[in-house]
Amino acid sequence: MKLTPKVQEILSWYESDNPGTKANLARILMEGKLGGTGRMVILPVDQGFEHGPARSFAPNPAAYDPRYHFELAIEAGLNAYAAPLGMIEAGAASFAGAIPTILKVNSSNSLSTTKDQAVTGSVSDALRLGCSAIGFTIYPSSEYQFEMMEELREMAEEAKAAGLAVVVWSYPRGPMLDKTGETALDICAYAAHMAALLGAHIIKVKPPTEAISLDAAKKTYEKQPVAGIDTLAGRIAHVVQACFNGRRLVVFSGGEAGTTQAMVDMAKGIHQGGGNGSIIGRNTFQRPKAEALALLESIIGVYKS
Amino acid sequence: MKLTPKVQEILSWYESDNPGTKANLARILMEGKLGGTGRMVILPVDQGFEHGPARSFAPNPAAYDPRYHFELAIEAGLNAYAAPLGMIEAGAASFAGAIPTILKVNSSNSLSTTKDQAVTGSVSDALRLGCSAIGFTIYPSSEYQFEMMEELREMAEEAKAAGLAVVVWSYPRGPMLDKTGETALDICAYAAHMAALLGAHIIKVKPPTEAISLDAAKKTYEKQPVAGIDTLAGRIAHVVQACFNGRRLVVFSGGEAGTTQAMVDMAKGIHQGGGNGSIIGRNTFQRPKAEALALLESIIGVYKS
Amino acid sequence: MKLTPKVQEILSWYESDNPGTKANLARILMEGKLGGTGRMVILPVDQGFEHGPARSFAPNPAAYDPRYHFELAIEAGLNAYAAPLGMIEAGAASFAGAIPTILKVNSSNSLSTTKDQAVTGSVSDALRLGCSAIGFTIYPSSEYQFEMMEELREMAEEAKAAGLAVVVWSYPRGPMLDKTGETALDICAYAAHMAALLGAHIIKVKPPTEAISLDAAKKTYEKQPVAGIDTLAGRIAHVVQACFNGRRLVVFSGGEAGTTQAMVDMAKGIHQGGGNGSIIGRNTFQRPKAEALALLESIIGVYKS
Amino acid sequence: MKLTPKVQEILSWYESDNPGTKANLARILMEGKLGGTGRMVILPVDQGFEHGPARSFAPNPAAYDPRYHFELAIEAGLNAYAAPLGMIEAGAASFAGAIPTILKVNSSNSLSTTKDQAVTGSVSDALRLGCSAIGFTIYPSSEYQFEMMEELREMAEEAKAAGLAVVVWSYPRGPMLDKTGETALDICAYAAHMAALLGAHIIKVKPPTEAISLDAAKKTYEKQPVAGIDTLAGRIAHVVQACFNGRRLVVFSGGEAGTTQAMVDMAKGIHQGGGNGSIIGRNTFQRPKAEALALLESIIGVYKS
Amino acid sequence: MKLTPKVQEILSWYESDNPGTKANLARILMEGKLGGTGRMVILPVDQGFEHGPARSFAPNPAAYDPRYHFELAIEAGLNAYAAPLGMIEAGAASFAGAIPTILKVNSSNSLSTTKDQAVTGSVSDALRLGCSAIGFTIYPSSEYQFEMMEELREMAEEAKAAGLAVVVWSYPRGPMLDKTGETALDICAYAAHMAALLGAHIIKVKPPTEAISLDAAKKTYEKQPVAGIDTLAGRIAHVVQACFNGRRLVVFSGGEAGTTQAMVDMAKGIHQGGGNGSIIGRNTFQRPKAEALALLESIIGVYKS
């Protein structure tokens, strides 16, 4: 299947990557209802690890079954499905070739008192399970951030040699950041930029607020104000700029459960700001399937427009 | 020997595993008096490591001899016998082929002030000793939980490539959990779910109480209450649900010494809740052999009914 | 994209393979105009190695450019494109994700006096170039056949572990076989069967003639005659049977340059005999592109009917 | 399942082997209708490689399907099923745990003009496919015998370290031996003895004739005549003696197609001579299944008596 | 147990070897009735491989059982027992620690038309079986002599690093040597010297005759005649001289079956010539045990005097 000019342009940004990694990026970008547009909607299901099974799946018990998420992603026409080892193993053969998968190779949980993660998957696992990418979370600002970055570096190097793509979840948290700081615009842009600097092909961050958190950054933001900082689109555009001036794919998480309208509005902001899409977990799999499919259809509609 | 349809169905859940791992799961599931039913009773003897020899074996001195436990498991018609390296080495040749064994590859002890474990066996050990699986304990919530999960990840990948099964003991303990929290329903379900996410084939947890420990989880459990939470069967069913909606084998430990009736009642609750069986150490090998065999016969009777 | 029931059935034949290999088989089977039908047309361009550039490309000089072949395969809507290292390297980035590729990892040439091949690519090459499979040629009956089989064994094991598929070209030649023998029905079926025994996922052989070459086999073929041996369809059916009773994919090469009608008739025979498709090189890339596309369209039409 | 005293005695012969290898030998010896007796009937299906598909399977076309042979071995209550890589891969998941398998790791074919074999499987393959043993053929007296023995040595060492058993097919052929010599009593005993010296756990040879082939051996056989050399039982007893005085398992191939009575008579001779059983391929899978099952039942009856 | 001055002196010759190798040489030299004298009698049982089982064991059928040879060597009070893999495996556990063993790691057989050997054991095998040394045969003058020397080099290096001793059987045969040449004095001394040069710790050669075989050597032997060349003692002394002037252990094989007196006379010659002992196979294990023990007692008596 011929790639669209848009996808070919995106692949041209990754000029140091081998054809294997490019092919896996193309697989993700050409899949589903947004295939070929350069926009993506990805289903991530690592909530079970992060928050526990009941908080993740009790609102929609069908989602306890790992096959549910493969089916949801395929039926909704998404670009990819991301999950930890066990979730992928439980469906990778049944759905082989049916949707690109991203093996989430590190994970934290709510029983931890430290802002660290465990490496819970490998590049070999990703290859044997037919995944297109590995996914790795870093916590910039955490006391463990350097260890996490070093783990990422090592796994990313191995993944790229094997022709896989690397997706980085960059979630700032740590002693220097209060709750507001974690999603402040400067911090979000910084987190996205560091992921790009670490060699990520696809960067996942949270949608930023108007706050500027780092004292040292405030002067800059006053001197060179971000255009449209009071709109999500404006803030998204700044994050996109921070990702090599838009030459790295950046997607935004849906955050905590919200209304359908809120989700669609957020997609509009991301779309207008030039973001590459949404990565939405809880807000889809915690609804009944029909509602989830309707919501995803609406979000996809935004990105298609 | 032809597998029963029940065992064939269970093997189908492990669709990403190679035939070697499936064959070893089949060996465990087809062995003993419960062979073919999809239910299991397993004898674990890692008490000596955890609590010291006298606390483990003085009540029934015959149990100081490693061969005693092989014999007990075989005579009782159990599905498998699990123990650390030295215990397996001391009987693996005499009882070669007579019962599936699980090499417990990490161990803690009562002389430690930290909630960590030492890796004390390897996949190569398991192969040379003819084991069907490796067994690994994680302590979710411990300060060492991420290191333990990373050790498990590495050994599980190696074990699966060599056609072995992976049994994970998931025992929450750590700074966020008091005694009640360690067996609270939400924590137990979470611990079981994390073992599944880490790629376990068989998950071992403690039977949960009615308590809900994590503040963040309480809202969920209030909104979506667990049906029959006041019965063991109801709570077991929730843990089973947390194990990929029943698509991973989950067995429950017998806990501290109890009366025969208490043990049988617990098996009834596990059975009714859809758990896959019991893994009982102290409650068997600390009784005289005849009593242990009678108790195991009763428990097996429950699972057969 | 959901797999068709036909492709799902085909994947079920490969029950010992990991999901990665299944996904790559699915990619090939779901691609192009025959995607989902279980039939395939593959473009192989190893002629340059085998016969030299002028004998291969002078009839259609556009074909000297490696990109030409990627384009031909994509425009024609084929399932995959197979070529040696340099040819793949020369286009893998430009056409990343646009068509499944098969890295031909061994090659012979017309300057050799021995019936051997050189290993000219690796599994790592296939991964970095984003290939879905490795392709390997064996010459059953050659003095080097055992060495070739041993090389295949080693590379196939590595490819399968990395989630790649294995395509085996099985071309009998050697001291026991004259020109007739090389394509005799018994020899062709034997060559296909050996590829299956060596663990090939896709087997490529030449269309067999009516001849029976091996003296020791004549009695068998007299006693149990092949139904319809005087038709290509009947002979193809016998080869398909020799491939695990049709439980391995088998495709047939186009052979030396023929007329369009001859090529279409051959496809009809393969189709009727239950073969999985055609792998056609010279007969396409040596024609002007428009003619090649027309020919391929006709052949695809046969398999679609 | 407790081993019988007979099987325990047999395992005691393999005193230098680890418990893993003993467990796999026990699995083979405890399986099927002869389980526990120390006698075995094994189904080998490497005929397709050796003689081609039609000569192997045309007499009973159901046998083209690899699953047929698993089913035949299981239904007949045999001890094990031996086949090359592709045949095992095509059924190892469906029949996981249902019958011990032996991965035939080298193979020859009828298109070869040399008395050599190709290594076509590995110890890692055997582990991932859940096999209990590897099978390896040597051709004592061939120009390639030393290379074959060295390949066996290397693979046997690796197999034993991984807890697998080693089955050696010892088939003399080469420039010093005419057709009579290949099955002469002295040669057969010598071939069996060399397999034992090479560290085989189970030795497979052809039933010997009365001939003495090696000039240098004739004096010995005249001076110390073999008791009952004119009976199969007497000759079998001599081969058994050559296998460490009966302290290695030795089974005998069925040879070319024979009548049921001939097969049963041969089993009687093997049984009376103290051989450990039969390994019968062609004579079973080339008959309709019902006939094959009846023949196998008769042969098993002989060994049970 | 303190080493005798004699053994300490011998160990001092091996000054580049590590303490592990010295300890294993000491174990051999301190064992049995000759323990501490610097003289040795060794039992080699590789006849089964070289000549076949009947030619080796039919004269004394008890010898078919591998345990017989361990028992013979122990009862006779010998220094070591040497045999191929299977023979050692069949008794190494029962007789662990009871007698030093030498794993014969290459072997030829009477069905070969070439003067080569197969490598049939490894240093790892020797370690797992508790052997003190590896034994390796070279055929100086054979067309395969350089390959054999290279195999020896590689295995000897590995053995020495692992603290094992290396025993080299140096048996000249090949196109330049007729029957007389193979045991000619110049050839025998040359063969022993090459073994020493190849790094052997213990050298085994055949007792030399008076013949001088190599034309190029004749002049030398005429110019500098060997003192006492007409006596075995004189010829032995020349071979000892060729082994670094007596600073390498050299033992002599018993050759073909002879009378007791012949064997004792030979030992006397070896003893007087300064040889380090006898390595006697056929002449012991082909006699009834009582006779063998008596013969060995006589030979030991010679070396003790």
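Lettered A, B, C, D and E in written order, each chain numbered from 1.
The rule we apply is simple: contacts are C-beta pairs under 8 Å (C-beta built on N, C-alpha and C of every residue); 3 or more make two chains touch, one makes a residue touch a chain.
For each chain, UniProt lists the protein as follows: A, B, C, D, E = fructose-bisphosphate aldolase.
Please read all numbers here as calculations on a predicted model, not as lab measurements.
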| item | value |
| --- | --- |
| Chains contacting each of subunit A and subunit D, listed by label | B, C |
| Chain whose Cα centroid lies nearest the overall Cα centroid | D |
| Contact-richer chain pair (by C-beta pairs counted) among B-C and A-C | A-C |
| Centroid comparison with subunit C (C-alpha atoms), farthest chain | E |
| Centroid spacing, where centroids are CA-atom means, of subunit C and subunit D in whole angstrom | 35 |
| Inter-centroid spacing, subunit E versus subunit A (mean Cα positions, whole Å) | 71 |
| Subunit B and subunit E, separation of their C-alpha mean positions in angstrom | 56 |
| Gap in Å, rounded to a whole number, between the CA centres of subunit C and subunit A | 39 |
| Touching two or more other chains - residues of subunit A | 92-93, 124, 128-129 |
| Arrangement of touching chains [line / ring / star / complete / other] | other |
| Chains grouped in pairs wherever the two touch, ordered by label | A-B, A-C, B-C, B-D, C-D, D-E |
| Subunit B-facing residues of subunit D, complex | 1-3, 7, 11, 18-27, 29-31, 74, 92-93, 96-99, 124, 127-131, 161-163 |
| Contact footprint of subunit B on subunit C as seen in their complex | 15-16, 18-19, 161 |
| Subunit D contact footprint on subunit C (complex, rising order) | 13-17, 140-141, 143, 145-147, 149-150, 153-154, 157, 172, 174-177, 186-187, 189-190, 192-194, 196-200, 214, 216-217, 220-221, 223-224, 226, 238, 241-242, 244-245, 247-248 |
| For the subunit E and subunit D complex, residues of the former touching the latter | 48-49, 51-55, 58-59, 61, 64-66, 84-94, 107, 109-114, 116-122, 124-125, 128-129 |
